[in-house]
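You will see chain A twice below: alongside chain B first, and alongside chain C after that.
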Partner chain A sequence: MRMEIHEQACRGCRMCVEICPTKVLTFDEEACLAKVGKVEDCIACLSCTYLCPSGAIHQEDYPRVKNFYRDLEFCGRMEKFL
Partner chain B sequence: MNAARKIGLNLEWLSDCGGCHVAIVDVHEKILDILGAVQIQHCPVLTDIKDYPHADIGIVSGAIRTEHDRHVAQEMRASCDKVIAWGTCAIYGGIPGAALAHSREEILQAVYTRNPTTRTNEAPHSQVALLEKQVIPLDEVIGVDMYLPGCPPHAAFIFDALLALVEGRAPKARQETVCARCTRSMKKSEETRLKSNHDGIPDPDLCLLSQGYVCLGSVTLDRCLSPCPSQGVMCTGCAGPTMQILTEPNRDLRTEVADRMSRLTAIPREEIVASMERSGKSHYAYAMASKMVGEKPTFLIRKWIAEVEEEA
Partner chain C sequence: MDTLTEERATLQETMSFLGAISSGIEDAVGESAGSITYVAGKDLGKRFAQQAKRTDDLEEALAVVRAVLAENQCLWQFETFQPSDRESLVRSTEEGEEILLVFRDCMIRQALFLYGHHQKGSLCNMMFGFFAGAVETIMGRKSSLEVLHAGENACLKRLLIHR
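This part shows the complex of A and B:
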């Protein structure tokens, strides 16, 4: 899987670093930015992605757990957002 | 399609302030890049065309507030191949949608009979289009092909959206929040007190949440380039909620803000949630008319109104 943090969007709050259960993320003190460390440890719980205030964390090619409670009609609509 | 043929564009304006149409002009001289490929036909602020000629693209701003709005929306759908819901009012109901917290009679009384600047004793019965029962987002009345939220959407997003349509490619817009463009740094603080917007002057470099101000930046889609928080004004959520709030029924504005704010400050999560519930109408104003928010199990404003009415 791949994981990226959009540098310009990161506000340096460290919330993602703290919530990650498998310590995938690290913090660059000098730049005051969160960085992806060991991506191979990621269990794709997406806690960091959901908590990130900026929505700056993106994962790709991760094992998807199907969310039975998602509203499919609204999810379909999201794809049309410009 | 003939390469020389220009793309027909109809624009229409329903119940909104008009800012979304003005925002198109904010594209400034870049609009020339678009006008080379586009023919503007029906547009209330630019052209004097009263009917609805056939168009490839229709841009509709504003919510359905009156019967006239509904009629116009249907005319736009019939005349345009692709309809874009343009701006927060068209997508979520926007500020007019906050009328959900009041009955139609209350609104008519406030505007006509109890208006201190007029001497009318009754609401007009003719010549003015009748109000719909409540404010309705565009896609509950007509099919919508695309959405561009924002109050109004920033010219950068408008330009890219229009150019993407002209060039037939996907727009570059990200699904990040207002925080993503904010210039403040989000650091942990020892703040213990929730502040209101008239409480002192915020530190210009530190995140407003860290300072105890309830800012909706982290729960609001960035279609504005974050002018408010960057200038010291709390985000009020004008571009509508983020994708995760819209798609996950149990994630909500107040819980997400409280979650992040309680991690950044020493203010308890419950206190933040309670405070946001007390000013719920302000925090949910832009999107409460939409089923996307109004039908969430966490959206309780209707229940709270019913409880107050029962007591009265």
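This part shows the complex of A and C:
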């Protein structure tokens, strides 16, 4: 797994640091930027990536879950229950 | 449609249906929905593990749970997780033995996301119950599975085998 935070995109909100369950991300107080710390502890939950308001976090080479098919036929059948 | 696609489509429909039901239960009976589904899952876990090998080794017990799930066509893969600052995979605490687990390809999460239901609800509880029931049967000790983090692509859980 590789992970990067684009410095120019990060607005220093700390949301990624707070959400990370395994404390991979740290915060540089002086620069007011999030940094990648122990990437080996990342479980690839992608919460930081989804949460980041600037889209500044980028991961590569991680186990990606296969989503259910968004097939209209199946969705149509299930909609009646919802 | 090939067989795998068909099987996955059937699983998808079933899980989406369960997602809808569990969300409905939560609205209808409120907070006790979680306990009801937990107990239902636990019974199922005990039943599935009835014939499984008994062991008091936690790592071996997890391998047996994995086999039980596979034998019953349950697509629910998990792996153990050891943070870099922990000296061992299994940690001994006052409450008992603790191990961290990462769940990736989770059919429940997929079903919930498809229609925007929230995580950590009654359907998740059913699977925690299932896990606890299976581990209890295999190890002969009380256990609990707690969600530490429910993520978009993986969830982190703590399995505790009580003293």
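One rule holds in what follows: the second predicted complex is superposed on the first by the 68 of 82 C-alpha atoms of A that agree within 3 Å, B and C clash if a C-alpha of one lies under 4 Å from a C-alpha of the other, contacts with A are read in each partner's own complex, and residues count from 1 in each chain.
The rule we apply is simple: a contact is a pair of C-beta atoms (placed from the backbone, for glycine too) under 8 Å apart; a residue touches a chain by one contact, two chains touch by 3 or more.
On a predicted model such as this, the values are computed, not experimentally measured, just so you know.
**Q** Could you tell me if A:A9 is touching chain B, chain C, both of them or neither one (first, second, both, neither)?
**A** first
**Q** For A:Y50, select first, second, both or neither according to whether it touches chain B, chain C, the two together, or no partner.
**A** Once the two structures are laid over each other on A, A:Y50 reaches both partners.
**Q** Name the contact category of A:T26: first (chain B only), second (chain C only), both, or neither.
**A** A:T26 sits against neither chain B nor chain C.
**Q** Using the superposition on chain A as set up above, list the residues of chain A that contact both chain B and chain C.
**A** 50, 67, 69-71, 74-75, 77-78, 81-82
**Q** Quick check on the complex: what are the chain C residues that touch chain A?
**A** 8-9, 12-13, 15-17, 20-21, 23, 81, 83-84, 102, 104-106, 109-111, 113-115, 148-149, 151-156
**Q** In the complex formed with chain C, which residues of chain A make contact?
**A** On the chain A side, the touching residues are 21-22, 38, 40-41, 43-47, 49-50, 62-71, 74-75, 77-78, 81-82.
**Q** Inside the complex, what are the residues of chain B that reach chain A?
**A** Touch residues, chain B against chain A: 84, 139, 144-149, 157, 160-161, 164, 171, 173-177, 179-182, 184-188, 207, 209, 217-218, 221, 242-244, 246-251, 259-260, 263-264, 292.
**Q** With touch defined as at the start, can you tell me which chain A residues reach chain B in the complex?
**A** Residues 6, 8-9, 11-15, 18, 32, 50-51, 53-56, 67, 69-71, 74-75, 77-78, 80-82 of chain A touch chain B in their complex.
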